[in-house]
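What follows are several structures.
Note that chain A is present in both complexes that follow, paired respectively with chain B and with chain C.
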Partner chain A sequence: MANSEQANQRLTLMGNQAISRGALEAGMRVAAGYPGTPSSEIIENLAKSADEHGLYVEWSINEKVSLEVAAAASLAGLRSLCAMKQNGVNVASDFLLHLAGSGIRAGMVLVHCDDPGALSSVNEGESRHFARMIELPQLEPGDFQEAKDMTKWAFELSEELGQVVMLRSVTRLSHASGGVVPGPLPEVSGQARFEHNGSLLDPQRGPVTAGPVSVNHPRMQEKLARAVELFEESPFNTYSGPEEPELLVITCSICSLYVKEALVMLGAADRVGVLKLGTTWPLPPKLVQRNLERCERIMVVEEVIPFLEENLKIMAAELAGQIGPKQFMAKREGYLPSTGELNPDLVAAALARALDIEYQERPAGYAAKVASAAQATDTPRELAFCPGCPHRASYWSLKSALALDGRDGFICGDIGCYALGARPSNYGILKTLHAMGSGAGLATGFGQLGRFGMDQPVMAVSGDSTFYHAVIPALINAVHQKSPMSLVIMDNSGTAMTGFQPHPGTQTDAMGHPVPPVDLEGICRALGAEVTVCDPFDLETTRQAAMDMLADQSTAKVLILRQLCALSPERKGKKLYDVQVDPDKCLGGQCGCNRLCTRVFGCPGLAWERETGRAYIDEVICAGCGVCASVCPAGAIIKTERA
Partner chain B sequence: MAVELKHDPYNLIITGVGGQGNVLASRMLGAVLTAQGLWVTIGETFGASQRGGSVMSHLRVSQDGSWSPQIPQGRAHMVLALEPLEALRVLETYGNPQSMAIVNDRPVMPYAAIAGHAEYPAAEEVAKWLGELTAQTWIIPATETALELGLPIYANVIMMGALAAVGDLPISREGFEAELIKSLGPAKMARNLDAFDQGAAMIAS
Partner chain C sequence: MIKQGPRDLVEQVQEAGLCIGCGSCVELCPYFRSHNGKTVVLHDCDLEQGRCHAWCPKAELDLEELSQALWGKPYRFTGVGPHLALTAAKAGPALGEGAFQSGGTVSALLAAALDQGMIQGAVLTGREGLEPLPTLARSLDEIKACAGSKFTAAPTLAAFNRAQAQGAEGLAVVATPCQGAALAQRRLDKVNPDAPTGPAELVVGLFCNWGLDPQGLMRFLGQKVNPETIKAMDIPPPPAGVLTVETTEGTLEIPLDEIRGFIPPACAICPDMTSEWADVSVGMLEGRPGWNTLVVRSEKGRALAEAAADKGWLVLEEMPADMREHLAGAAEAKRARALGAAQEQGLLGGPDEPGPKALRVGPEFWAELSQGKGE
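And now, the complex of A and B:
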């Protein structure tokens, strides 16, 4: 949609769509990434129009490989983009460091999407620090139009510098939508060719290597110095407000819209100046000096760790001889938090404190009514697996198997929807949860601790996409080091949590073209692991297979639980069964089960009716998987196969 | 194009539970309003929040530029709620004495209620609190009507029809139809327009 839309007509685009559009306007030819909220739609959008625009777009096996794929295109003279979420930068950072050393040729942009507040992550790690650590220029668009415009410019900047440019978005930009006027799409042409026969020191025609460091490291810093010159004049750094304000706010990213809003809320726009920075590393000193000179008091508004704040303070200290001392009012001074996301209210509170303004969000009296109504909503709506989700069934069986095994065994969790198994609403069955692939990695380590007296069996879970991304090395390690861990691969046939992107096990690629699937089961067997495959909807067989795995502590074993995600395009809206509770068979409170179906199994489609004291199926919510029929000890849940 | 807005930005929150389709509803309304020449900023979260959690979309409608994708506390003009408890939850944070709400009367049981750790409050209680937190609330049988039309997802369209009928925002039947045909194609139009009209009628009556 946004990719083929005509220029000059304002559209409402998601931040991620705007970024894709900017890449197309820059004549980008190759894009690669690994799915991760909030970044996924960038590659998805480009993949959708790959054929139309003559692009190559791929979902790579992990972020490091995706960065390598994008870099190859740049080295062969084609503009390329790589997109990932914040954790992805950790994965890709080893190559990124070395790529920064070698430099690139055609424009190459790394779009990294942070998740302040961890709205869809198990961390709120900041990937901007890589820009400073690895010595790369950092851009941060402040709204939707800028997301498009800066992406386009980032390719030009990258090409001028011969360096990768990092462009950071955040969830509230990537997943929000706003007005964007698209520009024209260029005619793209040009053949790919890798020139490598020149001198080692010729960046355009020689071999491309991270070393020699004595040559390349100074060169990296020259590129940054050139970036600073360009940043001094960049139209993405703007000042608005009175010439001599009482307070200068320096901000970046989506926070610039929070600042705009907060100043309207407080009616303080005529007292406060706002310097919005789009180029946040390295900082342009002349521009910063010009603005710091406006007043004594400086507030810095950004999310999570004080990155901009610290860099500004260093610069203010360096400039102190010329501009005098400044009073900062930011995170380190306690005006704003350094964990969690910001919003207009937090920014308004900080500004109200700095400006000595009384701000009341609602009339007194409303608060008392809110307190009364809050009785109804004091329990939050716990995240739970969807109705019909195979993970609920899988965990039900694993939970029984661990209980029957009786040795206090446990499961190491991993990243994907199934990470919700760490929550009480999903049996709290996962006892560790960290990075992609870390469940299996930890399990291979726990498996070695029998020699120190640990007699608890250990399991790890992994999704299918996570398996390819980062679990394979841990499984090889377990087999080779004779770690008796049990790896359960919950194969729901796609990268479900982020929207069913393909992975190496699927039969189509990002662009929808057929590709040979890499056999999950075959890999595990080839590595030397014993492999069992079950349908998790068959509770009894799955439980038995899990118990057999736990009983054998001699070697690494794999159990593949294969069943389609309930939201997958193949399954969504298609019930396998009509499910009903037979009111004559459900004994309700009189049954010895103590509401096993609702109290313990916990599917949103199966609820308890207070009036009748019996279970019932909510037909609007039930996805028709039929698993609950195997859970009811009275056989009162009846499933009828659909024609 | 001069479209008068009652407030600028006009702040609308669409709320519900993951899977009810409120992201689709917010995009559809965004498209209808953008076609009127207005600026629409939409704040959404999805991913983990999709899995049975509370899901909110914030829409800011303005004559002039993008606004924060998060509405400030106490600044909602209208809450469109696909689920009654979620309407209350949103009003507690974003409501004010002038707020209005259109609320689907069909509860989705939270896990705590299913597991028996908490009780879902009685409909009359919820209605009383909604009344106290708003200047006007319409509680409508959107899911029930949607099921009569054949699919629960029509509840979204019924809610949009109701919102259009309140008249604060320039959402015409024709504008809705024009955007709908772009995303769904002509085949499913009749049933959706029927749902839109039934929603509108729930406000008029």
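And now, the complex of A and C:
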């Protein structure tokens, strides 16, 4: 693996692997994080070689705790890394703000991976703003080699400043692969020890506290000023192109590759200068000034919100007396969009417009055309749950329970695979969907509105990992405030969405070592909630349990629907049942069924044979859960237990 | 017969507030369920025609077509409607004791039909607390266990569908007028000829002016009595103006004005007081507690009533002229009131009126009704 590979052999690494390699080359000892696409492989990768390299690596209960775990190592003299997705920084930000106040000791890097275009998120939040808001240095690697090299350097920078360093990746860097030449792995040694007996004002020996603000805040800004000095000389900020170009493009992150490609596409490399910034906050003014002086017209290429653009404009305004007015051509001028991902085509179109070059942009309908051409050879499929997925079974029962209850009740959704329940193909059963734990929180609030005439019962769903992450406080709130919220925990025994990372309810930790699982029902009971546990594959019992929960709206209740994820290592490829459709019994499209299994239930394991007008099981896709046998009104789906 | 699909049913009946919860569309498929006396739609079905819509008594009920098919004459009913005989009746000694609503005529007719081998069983409406609980009765004891009126609408036909799906044949159904209309439509069209569902062997109709919304009544009465203690309920004839609830603790009288709010809007457009599509219909005999009014309508009904009287299941007596007149007046009043209300709400039409309509009548009757309204 990349982690143990020798130095100087060129490897093809995923961006996230390159980042973890950089951390190993920096002698990092402790890593912590919470899974979230596109960041998860960083911790996974480090966890795999934890024993070999003598590291401690953990999947923490949530991002804030992971940052605290990493910070503890830094304060005790060990280099540490913390990794999370963009919105994870929101969760960690309270501690991050206070940690920035106290400063750290050994190098500590916060890797935050943004998801422009929301490829695996329900937001495209921009986490770089935390760097400006909390006053921390921000680095942004522009390719795979830099992902490794900048990570390694980030530890040195952090240590020199005594401050956390933020390093931002994006999906297209984290999840794509490219050439990386690894450096040597150091011999690491050194004991952990937390010095705390010195003076409060001694950052290396005293107690570590966010205050006194009057001392610490100026100190934070001195650290930033020192960062600026170092950034002025940083080899990660590069200029390429003619000395006096017609147009200067300033870019960062993976967008620098899009710019390169666009210039080749347009044959305009000799007309345009490119300043690629690796240190995007705070901006080094001398470097910026030197480059702004090259020409009048400036284009800024970055994804989503104009972060770099606004900071550059402020700097250009400050320098106007020396460098004259500049004409910016960026998002605010309508050259590039401020939502969604960029790509070489969008960048080429913006450049062509600025340079007055004829360029046939991809026509608007092109993407749809490509998709339909691809689909021509493909079975059309909705974004549905996997065959054998317990969530489909759970939602089937919850949907029936809500309909039978008849009071127009609804479910507040949450973040995990089960968020797909908001889509029509999965019954559109979730009526709110926001952040981790917010389904339960919203339900707690809705539950209080009976006093204002609201008579709809409310449910919340949560996954097991999400429960530990952020639902517990909402449940405590519900119990204590007497909110009649019904919480359904869909326990598939792992963090399924991001690749089965362990969580506090599982029996092994990130490194594969045995750990005591924290008892889900025990917690709920201890909090004072009534708890029922059901197998969601038993549709009848689950529906009844849900109806009982809805019928008695006097207290907070928890229904745990426990069944392994169909893709979990324990279940994958192992059918519980052989399942078949008896074509003589199948009612098909007749009045009496109208294809309930394929048209409504919608497991991809069931297919429809147009010629015979009957359903059949696609043996290859069917996961053998046998749930459809209880759905079929004709008893036509027959399941036989596997030996 | 205008047959449409479940989406039309949901729009024209459920969402329009006209569903009476008779259960005709329940247990035919996985899409409709009955819960706490209410018909619930679990999933969306996109069929263009289904038994649910075809048989629903509140969607496109063609009174003219039914009348022609069942009674061979136009729908221009007077009095209690088409009948072969109208008499006073009560259970005979063969039936023995039971908690019958009035004279026990219904239970007696069922017992006789079972005894004669005319039917194999009867779909009846028992109760659990205040919740009507339809079931299939196959013995005298099971018939008696269901005696007594539940004054709420009930999903009786769901139990009938379930019994048929499980292979039961030769079934009688004791039906309110709306349920009777649903059953009558099955005689016009089976819709899905492969399905086991279809008409009943025998329909014993009940008189009915209105029923009550079960959830509303359960909530209301649940606050006044323990539903477990209820022994019987009755609505004595006017001018009493009360619902009496007999419990193990005593009898409670609830003014009808307090419960009128629970009468579903569907009852206001129901023109049928005496179960005009049944083989025999049974109601109270006003002024003679312990007796019933019996309307014999079909040949099958006549054969049953005669056999029942022969074998001592039933006692028959002439019905006095003033009672007949009074009953005819009440039946006519309901018919006129309901057709008027339906017309006012745009729910009534002739055969060619653009739909949807809840009720349709023949062309001449429609012309007359429209004229009457000055249209």
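The rule is short, and it goes like this: the second predicted complex is superposed on the first by the 621 of 643 C-alpha atoms of A that agree within 3 Å, B and C clash if a C-alpha of one lies under 4 Å from a C-alpha of the other, contacts with A are read in each partner's own complex, and residues count from 1 in each chain.
As a convention for this text, a contact is a pair of C-beta atoms (placed from the backbone, for glycine too) under 8 Å apart; a residue touches a chain by one contact, two chains touch by 3 or more.
Just so it is clear, the model here is predicted, and its values are computed rather than measured.
A.B. asks: Touching A:Gln590 in the superposition: chain B (first), chain C (second), both, neither?
C.D. replies: second
A.B. asks: After superposition on the shared chain, which partner residues are touched by A:Thr171: those of chain B (first), chain C (second), both, or neither?
C.D. replies: A:Thr171 sits against chain B, while chain C stays out of touch.
A.B. asks: Counting touched residues of chain A, say whether chain B or chain C comes out ahead.
C.D. replies: The partner that reaches more residues of chain A in the superposed model: B.
A.B. asks: Answer with first, second, both or neither: which of chain B and chain C does A:Leu404 touch in the superposed model?
C.D. replies: second
A.B. asks: Looking at the overlay, what does A:Pro633 touch: chain B (first), chain C (second), both, or neither?
C.D. replies: After superposition on chain A, A:Pro633 lies in contact with chain C alone.
A.B. asks: Could you tell me if A:Ser120 is touching chain B, chain C, both of them or neither one (first, second, both, neither)?
C.D. replies: Once the two structures are laid over each other on A, A:Ser120 reaches chain B alone.
A.B. asks: Where on chain A do chain B and chain C both make contact?
C.D. replies: Touching chain B in the first complex and chain C in the second, residues 599-600 of chain A appear in both lists.
A.B. asks: Under the definition above, what is the set of chain A residues touching chain C in their complex?
C.D. replies: 399-400, 403-406, 589-594, 596, 599-600, 631, 633
A.B. asks: For chain A, which residues are in contact with chain B within the complex?
C.D. replies: Contacts found on chain A: 10-12, 37-38, 119-120, 143-145, 171-173, 175-179, 254, 257-258, 260-262, 265, 343-345, 348, 361-363, 366, 369-370, 372-377, 379-386, 417, 420, 425, 497-498, 595, 598-600, 602-604, 606-608, 610, 618, 620-621.
A.B. asks: In their shared complex, at which residues does chain B touch chain A?
C.D. replies: Checking each residue of chain B against chain A gives 17-19, 27, 30-31, 34, 39-49, 51-54, 65-75, 85-86, 88-89, 91-92, 95-97, 106, 108-119, 121, 125-126, 129, 132-133, 143, 147, 152.
A.B. asks: Mind listing the chain C positions that touch chain A in their complex?
C.D. replies: For this pair, the touching residues of chain C are 28-31, 33, 35-36, 38, 40-47, 49-52, 191-192, 194-195.
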